[in-house]
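Below you'll find the structure, written out as structure tokens, and then a few comments.
Think of it as A, B and C in the order they're written, each chain with its own count starting at 1.
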Amino acid sequence: MHILVLLKMAPDVVEDLEIAPGGKALDLDCLRMILSESDDHALEQALLLKERHGAKITALALDAPEVDDALFTAAAKGADRVMKVVGMDPGFTTREAARYFSQAIAEEPGLLPADLILTGVQAIDDLDGLVAPIVADGLRMPYLGIVTGVALEASAQAARAIKEYPAGVRGEFLVQLPAVLGIQAAEKPPRYVPVAKVRAAMKSVKIECSQALTLADGGLPLVGVVEMKRNEPAGHAEMLEGKPDQVSGQLCGILAERGLF
Amino acid sequence: MTGNICVLAEQWRGQITEVTYETLALGREVADQAGVPLTAILPGSHCRELARFLGAADAVVYIDHPLLAETVPQTCAEAVAQAMAGERPRALLVPLTNISLGIGTLIGVRLGAPVVNFCRDIRVADGRLLADCVMYGGKIEATVEAGAPSGPGPAILGIWPGARQAEKGRAEREVPVTDAAVVLEDTGAIRLCRYIEPEAGDVDLTKQEVLVAVGRGLQDRANLPLAEELARALGGAVCGSRPVIDQGWLPLSRQVGKSGLTVKPKLYVALGISGAPEHIEGMKDAALIVAVNSDPQAPIFSVAHYGIVGDAVETMPALTAAVEARKAAGQHA
Amino acid sequence: MSACSVTLETLPQHPEGKEILTCLQCGVCAGACPYGDVMEYPPRRMIAMMRAGMQEKVFTSDSLLSCVACYACMAKCPRGIRLTEILLPLMKEQTLAYLPELPAELQRALQNTLRYGNPMGEPSRKRAAWVKTAGVPIRSFAEDRRPADALWFVECYTSYYPRGQDNSRATARLFHRLGVDYAILGNEEKCAGECGRLTWEPGLFETLMDYNMAVFQKYQFNRVVTSCPHAHNAFKNRYPVLGFNWALEHVTPFLAKRLDGLNALLTRKLPYLVTYHDSCCLGRQNEFYEAPRQLLRAIPGVKLVEMVHNRVNSLCCGGGGGGMWLDTYFKAKGYERLSERRVREAVATGADILAVSCPYEISRFEDALKVLGYDKRMMVRDVTELLAEAMEE
């Protein structure tokens, strides 16, 4: 069993996000990048599968600041091979990210065959599409998203994947392998790895590099950011005043406007 | 469909979903702005009769195929892409839900069309299709132009739930329905085996869209039913801050904050919670925070969007009544 | 031999390891331990089991998770075995390695500390945001690198936690009026990685030590003054391995040495009945029992009363050794919250102020007062806050 996990770094929203001069993009100099949350869950799901069934895990990431830390952490947690794609055009979009992943998967020896390709279902910066379905389409593999649990069938030819639906309902799907799954959450929260293990991985593990090729047509359909602004918290609530029934009425109006009924 | 605004209608377990109505309401506005018809696209199997619920649209394109009985993204995307072949709608609005996620991306890839995720609002200005997107976990609002009018179309726009009120897109009437024939290959690669209904155990707070949180201002365990009634009216669950859990009024699984759960519901109503940093750590990312506290200086008001200075115990029944009244009025409208 | 390089395997070769062999099995440690009654294996039994080669059994029990690093066992040990400093952290490191998963709250705190330099996961770039609210000028080395007499190492709770910032603002005002020549590290500062909590996550601790030492070495100063007894502990006992050789003081004793200058400033009468809680790190570990009391007595109007357990017998707030991030874990196990035990004793004195010198305690005791319904009867104030209040502007 070979599980390929695709990892993408996303802006860390704990730190303040700054808008670049021109007002159309984030200021990359001020950004801190962190492994996209659902990608971290995809890695965890792979590790759980490895523990249960035995598997080789390859973590493939796109180069970004702090990506090495993420890959060494993945190795310390149990990824067997770690690789990053380098030399992408700056400011690539998610659809371009998916194509960089697909290229590397096709070009680099040993990434295929993979029985399962796991990646986060959605990242906070996926403005022009999602990675998982594009990679799946490119590889002609089946795709399922919003997955919160995976179990291998005895034959290892198929997996049972749990997908979340609204209202707490879940669906159990039988998925023929190889397949691409967009992980919403692993069965357990991502594990803690002692920092000493990560530091040891930094000394013993080598991150392989895969050179990105120029994307063939270069031009994806236009999605142009016209303006970006920070959604500043007001700092203080807007106060509603009056008797309990009056303020309750006012508040209901506000909730209704926001479609909360 | 060429030039039209289209909405992908979601049906799940025999019903059109609420988010579909919200998306239709938004689609209706955009179509009217652009002066073009609104078309709903309904993929499914033996569910033509659902088209009459899509009365907010001017027309419905119904795609019938046995493989569309359950929403499998690649199959559904292929069907929609085939139905659109040769047509050039201006935009296709796809609800961003657990049911439809990924379909928009796949249609975009198959049609070579632009995709814009995370849309909270859409408008047509000077012939340009502009989307307001909530990005980076709500920290950034971006205005995005989705494809030039002459570019490859349609623009595929993923619409957040809550973009409009569902009521505004709910209209039951006979709508002209066109059938679109599609050819889909049954690879059997992905098959739904069964639905798993939520277990009867305690609720998972992190999955609730509405949370009614109580703090020490609840004063007494006997007042807990007031919070439960409000939560029921709002369609959510009751949770609490540490002191309430410590008193044993609510189980540990209902605790929000540093030592409890981190939640991000659409609506968080904090009742009688002063807002210690340990509590705020667990709920500050809720989309809408309403706080009721008798102390006007309570720190909770600095993270809340709306605040009411008042006694939580007095406010709860009033709020429940107002919500019930509003819901009743909505149903009769 | 440095404490840092000792592992459980090499422990027997170190003097500290030999100490363990001298254990009398008298059980005073278990009796002194605030959670001794609920631990599966209290310290005495752990030592016996370790000596009998039952390591695995000790490590697979979660007893050590309830060690709040309060130094009570160590202070009482008739053989002077340095349990809290050496043995317990090493054993806790093993216990954590054996746990199938870390308690979620603790895991978050550790991950946050690694990434953002503070356990609450606040932005690292806003560490010095409180400075703007201090009302007095505060120099940051990053902006003005001229040498200073003192480097004030502010620490996490005092930088981010709203009530902790009150302590920092008070300290800044006191330093300003006393004419202390100091600077802070601002956003360059990261959690010192206090001994108790982080020596059992050695990789994280080393990462923070490496980082902070590199920042220290950029600037020139004679002494480090810190608001946090836990940071004081780390600098005193662990950082010297990496060459930390500056003079070191906690803010409270630092101010006590300047009592002459302070006396002239403390002109406002504060009619409070105050009881002082000895923090574990400052008290039992460093025996700074009198400095905070001197300061409190110097405030006109303040009357001091003692709790039943004071000085070396002080009861821990429960925040040390990671206890700060194990509240849910303890709660789920049905343990009494130690901060509540302490607050009951404080309230029994009839005092209206519970004075503290450790930033953890403000949050823990305020919470406990609230939970027990005593928050109208008693307030928690840091000694520095009371001093600053007594300075008429």
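The rule is simple: a contact is a pair of C-beta atoms (placed from the backbone, for glycine too) under 8 Å apart; a residue touches a chain by one contact, two chains touch by 3 or more.
Quick caveat, the model's predicted, so the values are computed rather than measured.
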{"item": "Most contacted chain pair (by C-beta pair count)", "value": "A-B"}
{"item": "Centroid comparison with chain A (C-alpha atoms), farthest chain", "value": "C"}
{"item": "Chain nearest the global centroid, as defined over all protein CA atoms shown", "value": "A"}
{"item": "Gap in Å, rounded to a whole number, between the CA centres of chain C and chain A", "value": "38"}
{"item": "Centre-to-centre distance between chain C and chain B (centres being mean Cα positions), rounded to whole Å", "value": "46"}
{"item": "Centre-to-centre distance between chain B and chain A (centres being mean Cα positions), rounded to whole Å", "value": "21"}
{"item": "Junction residues of chain C - those touching two or more other chains", "value": "121"}
{"item": "Multi-chain contact residues (two or more partners), chain B", "value": "none"}
{"item": "Residue ranges of chain B touching chain A (in the complex, touch as defined)", "value": "12, 17, 22, 70, 72-74, 77, 97-99, 101-102, 104-106, 108-110, 112-118, 130, 133-148, 151-152, 161-166, 187-198, 204, 207, 210, 234, 266-267, 288-291, 301-310, 314-315, 318-319, 321-323, 325-327, 330"}
{"item": "Interfacial residue positions of chain C with respect to chain A in the complex", "value": "96-97, 101-102, 104, 107, 110-111, 114-116, 121-126, 201-204, 206-207"}
{"item": "Residue ranges of chain B in contact with chain C within the complex", "value": "216, 242-243, 245-247, 252, 255, 258-260, 276-278, 281, 299"}
{"item": "Chain A to chain C touching residues, read off their complex", "value": "14-16, 34, 188-189, 191-192, 194-199"}
{"item": "Partner chain B, residues of chain A touching it in the complex", "value": "11, 13, 17, 19, 26, 95, 121-122, 124-130, 132-134, 136-137, 142-146, 160, 162-176, 179, 182, 220-231, 233-241, 244-245, 247-249, 251-252, 254-261"}
